[in-house]
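Shared between the two complexes below is chain A, which pairs with chain B and chain C, respectively.
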Partner chain A sequence: MAKYYDVDDILAEEEFVPSVFQHAANEVGIFDTSDDTNKVEVGSRVELPFWLVRELYLRQLISIRVPPYFDRGSRTREEIGADAAHVDLRSQCAYFYELGCKVAPLIGDKTIGPLLLVAFRTRYKEVLIKAHTLTLAVAPKHLTLLTKEEAKLYEAGQSSIAAFKKWRMGGPRFQAAPVLGRKRKPT
Partner chain B sequence: MAGPSELQASAFSAAELEFLAEDETIEIVPNMRMDPLNFISGDFGPFRPQIATEVPLWLAVALKKRGKCTIRPPEWMSVEKLTQVLEAERDSEKFQPLPFHYVEISRLLFDHAREDIPDIYMVRSLIEDIKDVRFHKIGTGLEIISKERTYALRLKNLSAMEANIVRPFITRALETFSKLSSSEMIQESDHVPNRQPQAMNRGPRRQLKDR
Partner chain C sequence: MYGRKASELVKELASSEPGQLSSFNNDLFAQVLEECNGHLHHLQPLMRKIQEHENKLKDTGRSEDEMGNSEDERRKSEAAKTVIQAAMKSDQFGALVHHLSLVRNKRCLMAYVYNRAEVIRSLGWMCDRVLPAEIEERLSSTEEEYFKNHAATLQSYMGGLDLDLTVDMVPPKDPYIKVRVVDDMGGVLLGDQTANVARHAIMFLRRIDAEQYITQGQMEELTG
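Here is the complex of A and B:
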């Protein structure tokens, strides 16, 4: 709970994770809208947010099916293997890394860790180059591929460069406080 | 630090660094007579016409604005010195030793004491070039992080401004890397080649273009 106040950590837990009910459950038809019996059958496949999945999984009420982008042999995974830099991870899952870090220990899938690391390594380089060279006008196209984590990294690099350039250009060195702008009334 | 830096990710804003740089001393040649000034940071003066004395940069700039002195540009700010530094900077992998606040000092002097600097256009473009070469080095150097496990970077002779610009980016990147390569995320070594053995918890320190 070290990141209790981290809003991104909270939002990352909102991501949906496909899971299968191991027990029938009454009064939770909201999860499974296919009929109006207001109950979930054994073995029905449901997408639940991660925070709920974790609790239910620890109580052994559901089993987790790995999200498609982490799944072995999935398309995203192959794309990351081929060229991670140009995979549109944002549309897959905006909290790709955070969710991966949470899911992997829970289900004990040892292939997710290396996958995340490889993906971030390749994409880091791309972000590094773009953050320090691109002007703001060109950026948006590339930004749409980035996950939250990467976008923040990009922003960090970009904003410090921009701040430096602004300082270099000069402009008004001292700015008068608005209070001082008022003229004394001529007597 | 209170002030404008809170809006940005970096620890200092450029203006704050400039403020810090103003504490560096510089030689001036006053054209007025004044008793020594006793500051917390030390005593400066006495001021006698045509007798050079060392003062903080902010005082030099203030006196210069009032036309009470001429500023002697620091030794490293000569065309020969800078040409040497630029060549060395291009040839070697290392960062050349320059004053910690060279970006800020040169900017202040260019703004307030342009007539005191000989060959100002040459000096100015040399400093620009040096700065660009060094930034390029930082950029290429940062790619190293992604290749191996990195826990710390050592950047010798990096100046205040340069460090400040890359700080938010580097800290964030290192944080993410350490999170993703932590032992609980990566347990078996068979998927990642060239990985360090698990016993070595603190990996080797990457050196950024400094050997």
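Here is the complex of A and C:
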């Protein structure tokens, strides 16, 4: 419950997990609206968001498969094994690590943990180096590969470098409150 | 899909820059609330049905006791029982989905309001009492009231302490500061007199006078 208000935690639970209904559900006409019966039959295959999946899976109402990027022998997995730093994880799942941490204990897949660790370790090193050395102009191309968490680390790295430079060179002590937004161009 | 609108609302929070407020999305907020009502409408009949099934189960159980033990009768009532149980489970499943969606929507709405409130509280420290117009129009009416109350609380606390907590924490080396005026300000109260300040003017002011105008973005500090 500590993360009840956490925006990233909420969005991480919005990621889809492929699941199969083990039991019929009444009055649930969401998954295909063309259906008049308002009922989901046994064996329907649906991609459900994780916040639904967890509770339903614990009650054994659905069975799930891991999302494709966690699948054993999937392409993403092989790519991570080959060179994790240059895999486009954002297009796969912007909350790769968070979702992995949530899915792994649920289905008891022991291989997801090490996968996440390897991916994070290699990618973190890369992120840190780039955050400290790249100028703002070069950054965007590399940024598109990062997951949400890595992008945050990258920004933190950059801001710490900026703060360090400011400390060394000296700068204005006062600044306009950041809520006011970008400074308007003097006209 | 259930809960999609609510997640859009949260996504909006996530995509805005940290510490910045975007305008309150009344429209989407209301849509999510409507979706919640929809869930409730589904949920209530389902609950009623579950109750009915339970009653029926009890009835069959009771009649079984009364009917005696003919093999045929028992098999029939067994079959009826499993049918009812299956129907009940389907209803429970449906109810669960709606319940979870409700909880989810609630969480999204709460997070939206909470995170905005956090930004608004921080505003209270940066601009004292008056909000710039461009920010004020982004707040909902309740948020405006919240800001006003929060700012008033802060002021009364600082009044009680007899200490202005919003000023810079690091003691200045020089009580005077060189600033450039960025905005059209008109007459400004500087120290104990009003001065007419033109845009782009460079001035040498007392630090405490200049501080609030800098945080409001009307002046900027010149160094070096």
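Some observations on this one:
Definition applied: the second predicted complex is superposed on the first by the 159 of 187 C-alpha atoms of A that agree within 3 Å, B and C clash if a C-alpha of one lies under 4 Å from a C-alpha of the other, contacts with A are read in each partner's own complex, and residues count from 1 in each chain.
Following the convention adopted for this analysis, a contact is a pair of C-beta atoms (placed from the backbone, for glycine too) under 8 Å apart; a residue touches a chain by one contact, two chains touch by 3 or more.
Source: prediction; values computed, not measured.
Of the two partner chains placed by superposition, only chain B is touched by A:Lys110; chain C is not.
Of the two partner chains placed by the overlay, chain B and chain C both lie in contact with A:Gly170. When both complexes are overlaid on chain A, the residue A:Ile10 reaches chain C alone and has no touch with chain B. When both complexes are overlaid on chain A, the residue A:Gly73 reaches neither chain B nor chain C. Using the contact criterion defined above for the overlaid structures, shared-chain residue A:Ile129 touches chain B, although it does not reach chain C. By the touch criterion stated above, A:Leu61 is placed in contact with chain C alone, chain B being left untouched.
Chain A residues 170 lie at the interface with chain B in one structure and with chain C in the other.
Interface residues of chain A facing chain B in the complex, by the touch rule stated above, are 97, 101, 104-105, 110-114, 116-118, 120-122, 124-125, 128-129, 131-132, 149, 152-153, 155-157, 159-161, 163-164, 166-168, 170.
Taken together, the chain B residues at the contact with chain A in this complex read 8-10, 13-15, 18, 107, 111, 135, 139, 142-143, 145-147, 161, 164-169, 172-173, 176-177, 179-181, 184-188, 191-192.
Those residues of chain A lying in contact with chain C across their complex are 4-8, 10-11, 14, 23-28, 30-31, 39, 49, 51-52, 55-56, 59, 61, 170-181, 183, 186. Residues of chain C that touch chain A in their complex: 1-3, 7, 10-11, 13-14, 19-21, 42, 45-46, 49, 86, 89-91, 93-98, 100-101, 104, 107-108, 110-111, 114-115, 119, 122-123, 126-127, 132, 134-135, 168, 170, 172, 182, 199-200, 210-211, 214-217, 220-223.
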